[in-house]
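Below you'll find the structure, written out as C-alpha cells, and then a few comments.
Chain IDs A, B, C and D follow the sequence of writing; residue 1 opens each chain.
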Amino acid sequence: MAIRMAVIGAGRIGQIHATNAARNGGVTLAGVADAIPEPAAKLAAQLGTKVLSVEQILADRTIDAVLIGSSTDTHADLIMRAAAAGKHIFCEKPVDLDLNRARDCEKAVRVAGKACLIGFQRRFDPTFSALKARIEKGEIGELEALSVISRDPGAPPVAYLQRSGGIFKDMLIHDFDIFRWIFGEEAETVYATASALTDPNIASVANDADTTAVVIRTVTGKLAQIHTSRRAAYGYDQRFEVLGAKGMLQAGNHRPTEVVASGPDVVSIDKPEDFFLQRYERAYRNELDHFIAVLGGHETLRVSIEDGVKALELADAATTSWRESRIVRLH
Amino acid sequence: MAIRMAVIGAGRIGQIHATNAARNGGVTLAGVADAIPEPAAKLAAQLGTKVLSVEQILADRTIDAVLIGSSTDTHADLIMRAAAAGKHIFCEKPVDLDLNRARDCEKAVRVAGKACLIGFQRRFDPTFSALKARIEKGEIGELEALSVISRDPGAPPVAYLQRSGGIFKDMLIHDFDIFRWIFGEEAETVYATASALTDPNIASVANDADTTAVVIRTVTGKLAQIHTSRRAAYGYDQRFEVLGAKGMLQAGNHRPTEVVASGPDVVSIDKPEDFFLQRYERAYRNELDHFIAVLGGHETLRVSIEDGVKALELADAATTSWRESRIVRLH
Amino acid sequence: MAIRMAVIGAGRIGQIHATNAARNGGVTLAGVADAIPEPAAKLAAQLGTKVLSVEQILADRTIDAVLIGSSTDTHADLIMRAAAAGKHIFCEKPVDLDLNRARDCEKAVRVAGKACLIGFQRRFDPTFSALKARIEKGEIGELEALSVISRDPGAPPVAYLQRSGGIFKDMLIHDFDIFRWIFGEEAETVYATASALTDPNIASVANDADTTAVVIRTVTGKLAQIHTSRRAAYGYDQRFEVLGAKGMLQAGNHRPTEVVASGPDVVSIDKPEDFFLQRYERAYRNELDHFIAVLGGHETLRVSIEDGVKALELADAATTSWRESRIVRLH
Amino acid sequence: MAIRMAVIGAGRIGQIHATNAARNGGVTLAGVADAIPEPAAKLAAQLGTKVLSVEQILADRTIDAVLIGSSTDTHADLIMRAAAAGKHIFCEKPVDLDLNRARDCEKAVRVAGKACLIGFQRRFDPTFSALKARIEKGEIGELEALSVISRDPGAPPVAYLQRSGGIFKDMLIHDFDIFRWIFGEEAETVYATASALTDPNIASVANDADTTAVVIRTVTGKLAQIHTSRRAAYGYDQRFEVLGAKGMLQAGNHRPTEVVASGPDVVSIDKPEDFFLQRYERAYRNELDHFIAVLGGHETLRVSIEDGVKALELADAATTSWRESRIVRLH
C-alpha cells in the first residue's frame, strides 16, 4: 500500500522532493504546504495534488509521513509537531542551528518512535554510497585517513550568510556527516581555521569566512581533513578520499558528458556538474526511495536525527575552534 | 495540451518508452498493446493506463501518436498502417530488414505527412549530442576522419542471430547512423569484413559474424572506420572519435560511479555501464522528450524515416562487401 | 668488453642514436660518418669521438657494429656492404623503398650471419612493450581485433613527400610493424583507402595522401584497423588498442606533465608529447640498449630485417589497394 | 669551461647525483668520497673518476663545487667546512636536524658568498615546476588554498626512525618546502597532529608517528593542508592541488606506462612510480643541471640554504604542535 506523504516547503529543495515523491510508485502525494501561497499552488498543480496548510497535514490521520523542506528556522518546530502528531519525518538538514534545540528534537522523535531521516543526501549519491559499500566489504582494510574537498561555485549573498549560522553549520555540516559516516567513529579533537578570501564583506559584514581547513582526530587516532571554499571558479567540486591499510578509495566529481576535446593548446573534459541540484539529482531520488523503503519495512534507516545532532556538534566545535583559536576536545 | 500516445509492444524496449511517456508531462498515455496479453496487462497496470489492441489504437481518432516497440518484423506493417491512420509515429530501429520494404514505409510516411521518428537513440545521448553540437559550432573545423568502436557485452543466442538479418543490419545499423549523423555526408564506397571469433556456431549455424571492420569513404574523401564486436569481456563499449582540421572530439564511455580504487596491483575505475538500457537510459528519455517537442511544434524532427532507410542501405552494402569480398560503390 | 660501434649519419636520428651509444656503458663509440662534414664534426666533438668515412668504418676490423641513421636511399647499400664486412647492423627503418632490394638485403644479412636490427623503435616504448608483455602473459586471452591510431602533428614539405615512397611506406610502415608484432600473425588481405585532406598539393603535386584507413585481416580471421593522419591540430597522437577474448588493453599517449587545470570553461591536461623525438625518447634508448645486449649475448634479437621486409610488403599491398581500388590478397 | 665537482657520499642518493654529474656536459667529475671505501671505489670506477678523501676535496683549489650526499648527521659540518674552503655547495636535505645548527650553516654560507643549493628536488620535477610556472603566470589568480598529499610505499625500519628526527623533519620537510615554494609566503600558525597506525612500534619504540595531518595558515590567511602517511598499499603517492581565485591546478602522480586494461571486473591503469628514485628521476637530473647553470651564471639559484632553514622551522613547529597539543604561532 502506498505511503501517503505531504511536503512542507515548495521552494527549490521542496520541489525536488515533491517531484521525486510523485514519481515514486510507493508514494501518494497527499499535498504540499508553503508559507507563501503561489509556489505551493504551482507545485501542487504540476504534480496533480492539492495545497494544504501545515495544520491540515498534521491533523490528517491518513497522512503517514511529512517531508520538511521549508527554511531552516522552521525545522525544529515542525519536527516536534510532526513527531507529536505521530508522523514519520524526512527533514532537510540541519535539524536546527542551535544544538540544544536539535537535541530536543532528537528526544521528541525518540519518544514518538517514528522514523526520522535527516537529509544528508550525499550518503545516497551513487559514487559515495558505492565507495562506502566497498569500505564495508573490507576492500581497503582498516581506515586511517580521510581527506574531503568540498567547494561551491560561488558564495551566497552576504545577507544569507548573516542568518546562516556560519560556514561550519551551513556548509560543512555535510562534510562533518561524511566524516562520521565514512569513519563510523566519533571525533576526539577538532581543529578548525578559516579565512574570508573571496569577498571582504563575508568577514566584515557577515562575520563569517569562505575558506576553511579542519582536522578531526578520532578516538582511535584516525585523521580526517576537510577543506571547503565558497567559491571555485570551475564550479562545484565534491571529492573525498579514504586511505586504509590495504589501499585507497577516491570519490571523484561527476561531469555532464564524457566528451574529451583535444585542441591546439590542451586536452580537456567537462567541468563538474554545476551545483548540488545537478550533482545530487540521483542522490535525492535514492534518498526518497530509501525513506519509502524504510516506511515499507524493506530497509533500515540509514541516516537518523542522531546523525543530524552529531554533525551539528562537530560544526559547533569547529566554530569554537576557529573563533577561539584553540583545539576543541569532544570525547 | 498533452499528446495522446499509445505504445505497441510491452517488451523490454516498449516498457522503457511507455514509462518515459508516462513521466513526460506533455503526454497522456492512451494505452499499451502487445501480441501477448500478460506483459501488456502488467505494463498498463504499472503505468495506470489500459490495454488496447492495435486495431483499437489505430481506429481511435483521439490518439495522436503511436510508439512502435514491437518486434522488428512488425515494424513495416505497423508504420504503414499507422501512417494510413494519420498517426504520428515513433518506431524503434530498424524500419525493416528489407530495404525495399523500408523504402515503401518511407513513401507511406511522406504521403501521410506526419512525423516519423526512427529510434536511433544514440543521437540523444548527452555525450554524443554534446559532441555533435560542438562539431556544428565549428570547434574542430572541417571533419576528416571518424572512428567508431562499438562492442556488446555478449552475443545473443544463435537462434536470435538466425533471424536478425546479420550483424551489419542488427548491430551496426546504429553505427551507420552515427556515421551519417556525424559527417552529414553520404558514403561513396563501403568496405566491410567480418569474422566469427567468439563462437563458431555464429558462423556455422547462423552464417553470421561477431567481429567486424568497416571503412566508409564519403563523396568528399572523408574516412570513417567502424569496429564492432558482439563480446567484450569488460562490458558494453560505446565510443567514437572525430578528427577535424582544428582538433579532435572523443565520446567516452559512461560509468556507474566515479570511484577510483588504488590497490596493491593497479589503480582502477568502474567498467562502463552494463548494456544499452543503462548506457542510454537518458538518451531514451531525451528521445521521447524530443518526439513530444516535435509534435508540440517546439522542435524540428532530428532523425527521420529517411535516416532509417539510409542506414539500412549502408548495412546492405556492408553485408554485400563482406559476403562477396569486394568494395561496394554507393554514389 | 665494450662493443665498438660507429654511427653513419649525423642528422637528427643519427644524433640520438650516437648520444645514446655514448651514454651506454657497454659501448665504445668508434666514430661518426656523414656525407656532409660539418654535422659529423660537430657530433664527434660533442661526444668525444672522431669523424670517420664509411670506408674507414667498414675496413676497421676492430669495429663490431655499425648504426645506419643516414637517409633512406642509402640504407640498402650500407646494409649490404656492412654485412659483407662482417659487421653487426642497427639500421633505421625502412630497409628500402623497393621491396626486392629489401629482400636482397635480408639475404645478405642471412648470409653474413650477423645481427641486424631494424629501427622499429616503437616496440621498445615503455607503454607499448608493457602492453605486449601483458598479451604474452595471456591477460586478455586469444586476440581478436586491433585498432591503431597514429597521427603526426603536421605534414612534411611536399618536396619530401615526393621522394618518400608514399604515405604507406613512409608513415604507416611503423603501424604495419605494430600490427605484425601485436598479432604475431601474417596478413591474408589488405584493404586501404586514403585522401588528401590537409593540403591539396599533397595529392596534385606529390600524388600522395595525408589521411588513411586500412583494414587487415589475418589468416585466422583477426581484424586490424589502422587510421593515420599527417596532421593533428593537437599534436602527436600514438595510440592502439587490442581486444581479446578476456579483455582489452589500450596504449595511451604520453604527456609532458601530469598537471590538471580546472578553469571557468574546462578541466584540462597537457597535450601529448610533441613529436617522435620526445614521445619515443626512452624507446630509442631502450632500443640501443637492446641491440648492445643482443651483441653481448644477453638478449635475443627482438626485431629483425625480416620484420623490416614484412612491413614493407604490407606497405606495398596497401599502396596497391589504394591506387587500384581493390582488396589485395597476400597469403 | 666545465665545473669541477666532487661528490661526497657514494650511497643511493650520492650515486644518482654523481651519475647525473658525469652525464652533464658542463661538469668534470673530480672524484668521489665516502666514509666506507668500497662504494666509493665502485662508483668511481663506474664513472671513470677517482676516490678522494673529504680533506683532499676541500684542499684541492681546482675543485669548484662539492655535492654533499652523505648521511644527514654530516651535512652541517661539511657545509661549514666547504663554505670555509670557498666551494659552491649542493647539499641534500635536511641541512641539519637541529635548527640552530642549520642557522649557523646559513650564516657560514652567507659569509662565504658561494652558491648553496639544498636538495629539495621536487621543485625540479616536470609536473611540479610546470604547475608553479603556471601559477606565476597568473593562470589561477590570487592563491587561496593548498592541499598536499604525500605518502610513502612503506615505513623505514624503526631503528632508522629513532635517529630520523621524527616524521615532521624526516618526511614532511619536503612538504613544508612545497608549501613555502607554492605560496611564496610565510606561515603564521601551524597545527599538527599525528598517529602511529601502521606499526605500534613506531609509537612505542621510536616515539614517532606514521600518519600526519597539518594545517598552516599564512600571514594573509591562505590555508594549507598537508597529509602524509608512511605507508600506502598502492605505492608512492605524490600529489598536491592549489586553489586560486580563477581556478585550480593539480599535480598528479606519474606512472610507468600509459596502458589501460579493461577486464571483467574493472578498468585499470598502472600504480604510480615505485618510489622517489623513479618518481623524481628527472627532477634529480634537472636539479643538477640547474646547479651547474647557476655556477655558469646562466640561472639564478632557485632554492637556497635559507629555504632549508625555513622548512626546518616549520618541521620544528609541527613537531611541537603535535607533542604539546597546541597551535604554534610563528610570525
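Note that in this section contacts are C-beta pairs under 8 Å (C-beta built on N, C-alpha and C of every residue); 3 or more make two chains touch, one makes a residue touch a chain.
Note that the structure is predicted; figures quoted are calculated from it, not measured.
The chains that touch both chain C and chain D are A, B. More C-beta pairs touch across one of A-D and A-B than the other; that pair is A-D. With respect to chain A, maximal separation of chain centres occurs for C (centres as means of Cα atoms). Chain A and chain B have Cα centroids separated by 39 Å.
Mean C-alpha position of chain A lies 57 Å from that of chain C. Multi-chain contact residues of chain B, defined as those touching 2 or more other chains: 140, 232-234, 237, 246-248, 261-264. Chain A meets chain C in the complex at residues 232-235, 237, 261-272. Across the complex, chain C is touched by residues 23, 25, 46, 126-127, 130-131, 134, 139-140, 246-254, 256-264 of chain D. Taken in their complex, chain A has these residues touching chain D: 140-142, 144-145, 147, 149, 151, 189, 191, 193-198, 211-215, 217, 221-225, 227, 229, 231-234, 237, 241, 243-248, 325-327.
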